[in-house]
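Before anything else, here's the structure in question.
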Amino acid sequence: MLAQQLVNGIISGATYALFALGFTLMFGVLNVINLTYGVYFSTGALIALYATRNFAFPILLALPLAAVATGLIAVVIDGLLLTPLRRKKAPELASLMVTLGATLLLYSLMTAFIGTDIQRFPPAAIDSSAIEIGGVRVSRSQILIVGTAFAMVALLLALMRGTRLGLAIRALAENPDAARLMGVDVTLVTFFVSFVSGTLGAAAGILIGLNYNAIQPYMGEVMMLKGFAVIIIGGLGDIRGALIAGLILGLLEGLTAGYVASSLKDAVGFLLLVLTLWFRPVGLFGRAAVKRA
Amino acid sequence: MLKKLTALAALPLAASLWSAAALAQSKEPVTIGAIEILTGPNNKYGIAIKNGFDLALESVNKNGGVLGGRPLAITYEDSAGNKDQAINAARQLIGRSKVPLILGPTLSNEMFAAGPVANERKIPIVGTSTTANGITAIGPYVFRTSLPEADVVPVTLKTAQQKLGIKKVAVMYGNDDAFTKSAYDVMKAALEKLGIETLTTETFGGKDTDFSAQLTKIKGLNPDAIVVSALVEAGSGILLGKKALGFPEKVRVIGGNGLNAPKVMEIAGDAANGTLVGSPWFIGKADPASQKFVEAYKAKYNMDPDQFAAQAYDTLFIVAAAINAAGAAEPEKIKDALGKVKYTGVMGPFSFTENRDPAETSGVVVIEMRDGGFKQFN
Amino acid sequence: MPAFLDDFLFSYQSLIYALGINGLLALSMYVVLAIGQLSLGQAAFMGLGAYTSALLTLKLGTPFALVLLASMAVPALAALIIGVPTLRLSGVYLALATIGLGEVLRIAFVNSELTGGALGLSGIPEKAGYAIIFGALLLALIAFVLVSRSRLGRAMEAMREDEVAAGMLGVHLPRYRISALVVSAMLAGLAGALNAHVSSFISPNDYGFDAAVTILSYALLGGIGSPFGPVVGAIILTLLPEVLRPLHDFRLVFNGLIIVIAVLFMPHGLVPWRIGRTGARP
Amino acid sequence: MNGAILTLENLTVRFGGLAAVDGVSFHVEPQTVHGLIGPNGAGKTTAFNLISGLGHQSDGHIRFDGETIDKWPSWQRAQRGLARTFQNIRMFGEMTVLENVLAGMHAHVGGGIGATLLRLKSFGAAEAAAIAKAREILAFVGLANISTRAGNLPYGDQRRLEIARALASDPKLMLLDEPAAGMNPSETSGLIDLLLRLKARGVTLLLVEHDMHFIMHLCDRITVLNFGRKIAEGTPIEVRSDAKVIEAYLGTKVAERLEAGARVR
């Protein structure tokens, strides 16, 4: 059973990591707690659901399509809500509040039109049969989630470390004013980061929706709480940290439920969060410079 | 002077208006209140219930309404699943709309909050979907037409024990929701009473989607069945997770009322096969009244009714009967009449116990999910 | 009392109570925001107060005055535990730590036999009323007005505007941060206790993330320039669901829209003016 | 040395391996004006931040007014009598001019929470005394429009207000980070006059400034930093003829002025 529990933990950890990647990017680079991120998770899954179910799109086409569409929505929302605040140099709290209002608005709009019933992808959308190796079972969609999480981390790290755009993003994360002085087109890079985050959030929503078959407007809200834990434990804006923290969280939750008590499963993440803040606020792998003077 | 003249001129007109009003008064609708979740994440329950009420209301009014020709009407108040708003709704229905009776609220949680308000003002309040323990203990004006889990669950478990020879089970329940927690309490008691061994008790959150850790542990213990107290979302997830982990076919899930919804099969697909639930009603019930209800519901709303809609549908007829028996739209009389109503609806014969719970459990059917539909099991 | 007034008070009693209680909650958020920090733990503090008070009343029959004191003391202790380590960090971390606190508490309430699990505690006697709720609100408002027109208020405003500069003027930053958080926890705890003693029933899910966010929106909608802003915000957002009831499905949409518009076009909230511009006096 | 109000010993701070301030030692004599100069990126503002407690050194010691304050937070240093202004003015823009100065007096005005809430007599007296003193300080720096919102003041007046606010904390040592930046010549000469009056009032000044005319005119002693290291120290006359200093500033406008100055002498 231990082997199966470890595999379970890795799979759910990969879903947390996949969700947290876009979140940590948005949070770390743009320096706002953007609560609309959870909405992108739901939106992506819902768009892909409609594309596959109502228009018979194959999932391999629906996934990138829905992800890109959601990325564009994220750019529009950033442009409408956050860009004006940045221009006004409004306090951090204003950005948080506006995304809070927008989140309420968007969730309830979605609910008003499509209800809160859970929906699922057509069973034919993905081969969900399981593979069994030595008594340990994994399904194909789960392998896809784990693979995508690792691939996305590699891709993002390559982008951030190996390209001029990545350099610009890092400069923006350090200090928007300095980045502007260095000739970075801050608006463009901000939109790009929003786009990538939205796309990642949507992709996570679609894959997780495929695996758990529980798609509904509020699905993102539940993930947000886990997302907070993962990005703090991993370090704000730390891509590799998000992966490792996600996996740690998934494994610890799985082992807690399997060997301690399932009622404590949800507490693990938040205890870990609080402990991280107590003893290592920069995250497990974070650099110093947490305290901005 | 001019004023006086117009006033005089208006007199005959006013008189005629007054008599018209008097005439209309006998046809004035009898308005009762209903508190349901119409918005927010749990509105599917409230909407199914509202649909059930509205369908029954149509039928009541087509057949001459209540109290000798007065139409029956319902004023809905939205609780949004929030107990504070449920209290506000109850107070406004009583204090402002002056309704003689309240239907709802949707959740047991909300009833615990709104029930005492109605009871204090001596207004009967009738839950149609509140199955938790202790609802009617709130006070003498609190009724419910939904069979409490304490009546349904033992029937289900006993049937499974007799027909499948179940000896040891694993239990899973949603521990963050009053409904699933209270159903679990009932399950625990029933399992003990029936002498079925509980190998482990696992919990989960109502919004969880991943149950693999709990199910992996359960699989290692080789239970004969898994007894689950969950709502549709988590329940479907458990069924899917169980299938993904390759449980043997013969290990069935035995659920509480929360799993009793066609939606479970829609979401879980063939993973739902074999799931047993006890129900006061189910869509495949052969009874002609029930079949007529299903057809009418489908025609009006273009979807399948669930038990919440069915319970609401019956409840409205029961309430209408009580109002007629009371002879007036007065709370105290309606309350007394409610206790004496005998009615046979889509759920079977119905009357209240002394404690204002449903008296009849003979309508309970144990049903099995199979290939996307419910089949009678017992 | 005339019948119509009696009916009116009965219809709107819990709404009127909620105005006062939510006003207190908004003030509890205000204390923290007033020094430029953000707490998303107000709902958790409220829950601690509510459970502390309900348990004392139901299980021990403690006198109500003592119950209220305890319902402030317990959240204050939690604020110290959570605040001391995180307040040395930037504001975002306090916000996240308080989210964590909220979830841990919710899980504790759900899993504890003592607190009745998900079923919560019911049958709490109605011991609070108009006088104590609005008395507490009024006292808190007066206290905040007095503080804002003093050296303490100036230090708080200085911290909100520029914490580094405030520190360079000798403002003991950690002491102010922790005091604000503790006072805020006490107010939220008091509000929780009063709420428990007018609504007869409490359950863990009343104090989740959504509730925390709602409390924050009271303060931000009203504006934090003066203690009146948050109270006005609380009144509006408490009445809004009632006023917008006919909109049904779109009620929450409007709620969200109003918040977005308020922030984008009224960044100082609906009540932008401040109290006591000392220098502005002739 | 023993009479020095501020002493830096081997002060060093590293950011990711790079030493922004590297083994700097100097001291400031009481009731003098001490200049800290150097090209951009020399580590002047970083040194100011270390002295005022907004960052902490990796190595070395700071002694202020007879105490080693290495680990003190900024507010504690401020209470002890260390005040500063900032390169980019950090006003409390929403407050009035008078309130800004009152905020500056934070450490010296009495009134705890009890006195505040009960509005004790002592509270009223302390407030009245504080307002009187604030008016005196504002008159001293030459600001008359005390009821204006600070954010609405013209630039030069904001600089003065920031100095007034720092002065309100009754400092022994005031750090001024580029006080003349962005000022026109007449504003600058007014500022020089103000700083000399401050010195006469008994406040020791340590200032970073790029305006060499300003520095040479005002300072009793100058320390020169380059790439985080101290490269020269002395009187203005000594410093401006120092070969290392001229080399450090080589190619900059300042170098031309320094050289011009050196030639004139």
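Letters A, B, C and D mark the chains as written, and numbering starts fresh at 1 in each.
What we mean here is this: contacts are C-beta pairs under 8 Å (C-beta built on N, C-alpha and C of every residue); 3 or more make two chains touch, one makes a residue touch a chain.
It should be emphasised that the depicted structure is a prediction, and the values quoted were computed from it without experimental measurement.
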Most central chain, judged by mean C-alpha position against the global CA mean: C
Most distant chain from chain C, judged by the mean position of its C-alpha atoms: D
Comparison of B-C and C-D by number of C-beta pairs in contact, larger one: C-D
For chain B paired with chain C, centre-to-centre distance based on mean C-alpha positions, whole Å: 35
Whole-Å separation of chain centres (CA-atom averages), chain B against chain D: 73
Whole-Å gap separating chain C and chain D, where each centre is the average of the chain's CA atoms: 41
Computed distance of Cα centres, chain D from chain A, in Å: 46
Residues of chain D touching at least two other chains: 54
Multi-partner residues of chain C (at least 2 other chains): 110-111, 164, 249, 251-252
Per-residue multi-chain contacts in chain A, two or more chains: 108, 111-112, 263, 266, 293
Sites on chain B touched by chain A in the complex: 39-44, 47, 175, 202-205, 207, 209-210, 212-214, 216-217, 219-220, 232-233, 236-237, 240, 244-246, 263, 266-269
Chain D to chain C touching residues, read off their complex: 52-54, 73-75, 78-79, 83-84, 86, 90-99, 102-107, 109, 111, 113, 116-117, 119, 123, 126-127, 130-131, 146-147, 165-166, 168-169
Interfacial residue positions of chain C with respect to chain A in the complex: 33, 36, 38, 82, 85-86, 88-93, 95-97, 99-101, 103-104, 107-108, 110-111, 164, 209, 213, 216-217, 220, 249-253, 255-260, 262-264, 267
Touching residues (chain side chain C, partner chain B) in the complex: 7-15, 18, 106, 110-111, 117-120, 122, 199-201, 203-206, 241-242, 245, 248-249, 251-252
Touching residues (chain side chain A, partner chain C) in the complex: 33, 81, 84-85, 88, 90-94, 96-98, 100-109, 111-112, 225, 228-229, 232, 236, 263-264, 266-267, 269-271, 273-274, 277-278, 281, 290-293
